[in-house]
Amino acid sequence: MSAPDNNQADNIIEARGLTKRFHGFAAVSEVDLDVRRHAIHALIGPNGAGKTTFFNLITKVLQPTEGTIRFNGRDITAESPAAVARRGIVRSFQISAIFPRMTVAENVRIALQRPVGTSFHFWRPESSLDTLNGRVDELLDAVGLLSLRDQTAAGLPYGRKRALELATTLALEPELLLLDEPTSGLGGEDVDRIADLIRKVSANRTILMVEHNLSVVSKLANTITVLARGKVLAEGTYAQISTDQRVIEAYIGGEE
Amino acid sequence: MMTLLGISPQLLFGQLLIGLINGVFYAMMSLGVAIIFGMLRIGNFVHGAQYMLGAFGAWYLLHLPDLFPGLGLPSLGYWWALALVPFAVGLIGAGMERLFIRRVYDLEHAYGLLLTVGLAMVIEGLFNVGYGAAGQQYNIPDSLKGGVNLGFMFMPYYRLWVIVAGIAVCIATWYTIERTKLGAYLRAATENPDLVRAFGINVPRMLMLTYAFGVGLAGLAGVMAAPIYQVSPQMGQSIIITIFAVVVIGGMGSISGAIFTGLMLGMIEGLTKVFWPQASTTVIFVIMAIVLVFRPAGLFGKETVAAHAADMSTARPDSILENGKLWLVILGVGGAILPFLVYPVFGMKMLCLALFACAYNLIFGYVGLLAFGHAAFYGSSAYIAAYTAASWGFPTEIAILSGVAVATVIGALFGWLAIRRQGLYFAMITLALAQVVYFYAIQAPWTHGEDGIQSVPRGYLLGVIDLSDNMNMYYFVLAIFLIGFAAIYRIVRSPFGQVLKSIRENEPRAISLGYSTERFKLLAFTLSAMLAGLAGGTKAIVFQIASLADVYFMTSTDALLMTLIGGVGTLLGPVVGAVIVVTMQKEFATLGSWVIVVQGTAFVLCVLFLRKGVVGTLEDWLAARAERRRIAAGGEPAAIARGAH
Amino acid sequence: MSAQASLAVRDLQGWYGESKALHGMTFDVARGEVVTLLGRNGAGKTTTLRAIMGLLRKKTGEISFNGENVAARLPEYIARRGIAYCPEERGIFASLTVEENLFLPPVVAEGGMALDDIYALFPNIAERRNSQGTKLSGGEQQMLAIARILRTGATLLLLDEPTEGLAPVIVQQIGAVIRKLKERGFTVLLVEQNVRFASRLADRHYVVEHGHVIDTLTAADVAGDLERIQNYLKV
């Protein structure tokens, strides 16, 4: 962690001039973005604003056409997705990313397993991973899935799948948690449950999330960046953003 | 006479001409394969058989009066064949699309390849039954007899015609696809078939016609090839693997790339024949390996979205049929009794092939990669074990382990090359790499070509137990099988196996959890090659022979078929599949070439109707029965209401 | 209204795999009308268009177009009855030139717009007719996606978020285009998130949530009470 400096915020992510072009079409164009440590930072914007593309750039699923990304001051622009994950940037997916035919407990354990260092040990029995069970159960308990630990993940209702995905992500103890529309496709109660969960896990952690549900954003996020047409339109707190004329226009359509 | 590097121009240009002719056929064929793959996402393995149909079609037309005596049919010559046969073969292609291929569009790509492998086996097997291995002569048409002396070489008119006509057909095809309205439909449907349908275009019919066109092109190539090569049932089998390599080298997405690559590689092959004849059969595959290292997408290929491992497993992890410890005991006891029920040599064959299939299942079933070259590991281990035992006098167990070691090294190398590409490409690449081993085995002196290494001594186990006794040998093989079976169970249910499972089920997610999935896949592939080597080495000792059949691609096909029939990704599937296939081969042995037809039919039927295999289906049935009983006893249905929002 | 309805959707239920996306959509679009489906992301608007077009396979309910139930029909059949689709992602084909893209959809009936009229409506496209389809800007791609379904003689246009991700000046142009299309007698079913844009164009709005219609608004309703509609979209 860098030395405390009152003039300069302690940023976990510093993206500079980030641009991604597809067939000449710039989905993300010269975006500068700082994410403060321990913030819950939301990325919002109308459809097609480039939020998911930006997300994919940060997690290195896509390689930027131009620009740099620094994580804890280190340039990670050229690193692979798996390497970035090992550094502590872990993402969730818009479509729930679970391992459908593994049990709920196995889903979480696969994430806990990597730091143990035996992932290439093909000669060890699976029971060598039993030492992780305590931690698995803790994580499942935190998201309310403990009673379903031996169920096959595919059979869970959608909301539970999202919770499972979050538990798996948290298992990695990510320093930076990237959530891609954590409440999309969820019903009312499930939305509240996931929002509570996000708040709960945000302690000592930085969260960058793409979210459409503005009520969730207003409750959770302390910084909001509005993207429109691949560029940063505005940045600030919910109060600042929600009264910004440019933002309102971007959302419900500009004057003709 | 002037010479070049000690080589006469006649030889040089002669071979270049032959290379160019081959290149024309490569171009026409890979064009068809590339179009079919681009539009239908089908790796059309039956393309070689369709090419063969073209050649036979020409031959049939010529021999109409002999084939149907008394009907007064005329003998139709080359030009008639050129006009009629491509349409006829295309029509057959349309029928095949309608009856078979259409049914697998929505399935994993692997099934398309498996289906066309089966169809190729059926067609080629049938012609084998009818005509055997001997080729039929087809004469150059009178109008194209003779040639012209170019000064530095003699150019036969027919060859000139093939080059000009072949290239013209390629260019016309390119023009149609890249520059016409019809081509625009094809290109658009390749990108987004749903949207093209939503514009009112009957895409299913277009797919059928595209397939028919690609197949017709193969038929045309077949007619043109008839006067140059022998018309034989095998003519397609040898060319299709080369075509797959050409397609990998050229890369997908470029029609002109396929044409250019085909021509180039034919000429390079011709030049190699001049300067290093031994290497000419493998040069294309070696080029493929080099291209893969430096340009994984191929020379003209566009960057494609990485396809990920496919979950084709049919197992239910909690099924009693997946309990490895239980089944290890059952198989041990059953295996111990077996030699009292069947002839021990037959039992040993079953065990060797069952181990081979189990090894194959490790990569295909548990990782989801369609490997298509396991014969290379099985066969190379067989050769090494046989050679070290026969020529160097290695003790039996050391000989087998030597074979395993070599198979492991080759496996690691091939895996490293192939793991860069996924899906159908992975299959094509492993298939092509395995061909290198096959051609090496044909040419190397120590493998004794067609004869193979014979009279391998079985030796004494640990220097004590006489393995020439069939019962002793049997129990040794049973022990090896059980060790291999247990090893696979352990691998699958290890921390490593857990990661493999996660890769198979959701590779992007596994990557996002920090796993470098390619390394895991490579290790799994190497382990699979090692165990396949164990099976091959053991087989060489049991049967006291290592031969070309062991490295031939049909052996890879056997592994696939056994796994598929038994149940992909199940614990017992490969064993059950081996029992079925070996029994089938024994029962139909008297039918000669019909065995291939029967196996091909089994492939087709499995892909269409029994994708879960015997064991997968059984596991489903057991689970459904248990669920019914539980509900009958007053239990709640297991599945929670599926999320609807 | 149903008597002369061009499109009548009744109790449409639809699934993506095992997850249910449409829970009984019911609405009408009369001939010559511009009607929007409003709603948040994931509400089922796009799915509804895909279902009408026959691209959503697993569905129940009735979709009648000019009196004929086409719910069980294939997309190519539905297109030939006169429904044209402009998808959210625009679907410009990268391997086709602008002109090839424009001429791709076959003519399904008489009465389509003439090429000159189309080029007059979209001058940019005329200029760039020989470029590669995806070399166009986002706005030009959207114009092309609309332009190519006007030639075909289709009478009902399904437009999925034509303003998505576009600059205000382009949004204005697209609005003008849709207005002209209405004047020419096209029937338009529009999916939108841009309420202000929609409110200036449409005769009626259906608010969609969780795969069914929760409210129906007339143009007058919206003009008088933009707040009400914003509430639906903003939570």
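Think of it as A, B and C in the order they're written, each chain with its own count starting at 1.
Here is the rule we use: a contact is a pair of C-beta atoms (placed from the backbone, for glycine too) under 8 Å apart; a residue touches a chain by one contact, two chains touch by 3 or more.
Note that the structure is predicted; figures quoted are calculated from it, not measured.
> What's the overlap between the neighbours of subunit A and those of subunit B?
For subunit A paired with subunit B, the chains in contact with each are C, in label order.
> Top contact pair of chains, counted by C-beta pairs?
Looking across every pairing, the one with the most contacts is A-B.
> Which integer distance in Å separates the CA centroid of subunit A from that of subunit B?
Distance between chain centres, rounded to whole Å: 42 Å.
> On a C-alpha centroid basis, what's the spacing between subunit A and subunit C, in Å?
33
> Using CA atom averages as chain centres, what separation in Å is found between subunit B and subunit C?
46
> Mind pulling the subunit B residues that touch 2 or more other chains?
Touching at least two other chains: 642-645.
> Would you give the residues of subunit A that are in contact with at least 2 other chains, written as numbers and ranges?
158, 185, 187 - these are the residues of subunit A that touch more than one other chain.
> Give the residues of subunit C that touch two or more other chains, as numbers and ranges in rising order.
19, 94, 210
> Show me the residue ranges of subunit A that touch subunit B in the complex, using the header's touch definition.
59, 61, 80-83, 85-86, 90-91, 93, 97-102, 106, 109-111, 113-114, 116, 118-126, 128-129, 151, 155-161, 168, 172, 185-187, 190
> Per the contact definition, I'd like the list of subunit C residues that touch subunit B in the complex.
Residues in contact with subunit B: 18-20, 23, 53-55, 74-76, 78-80, 84-85, 87, 91, 93-96, 100, 103-106, 108, 149, 152, 210.
> Once bound in the complex, which stretches of subunit C touch subunit A?
Subunit C residues touching subunit A: 19, 40-42, 88, 94, 132, 134-135, 137-138, 141, 161, 163-168, 171-172, 175, 193-198, 200, 210, 226, 230, 233-235.
> Help me check something: in the complex, which residues belonging to subunit A touch subunit C?
Against subunit C, the touching part of subunit A is residues 22-25, 46-50, 158, 184-185, 187, 212-215, 228-230, 249, 251-256.
> Could you list, by residue number, the parts of subunit B that touch subunit C in their complex?
Touching subunit C from subunit B are residues 181, 184-185, 187-188, 190-192, 194-203, 642-645.
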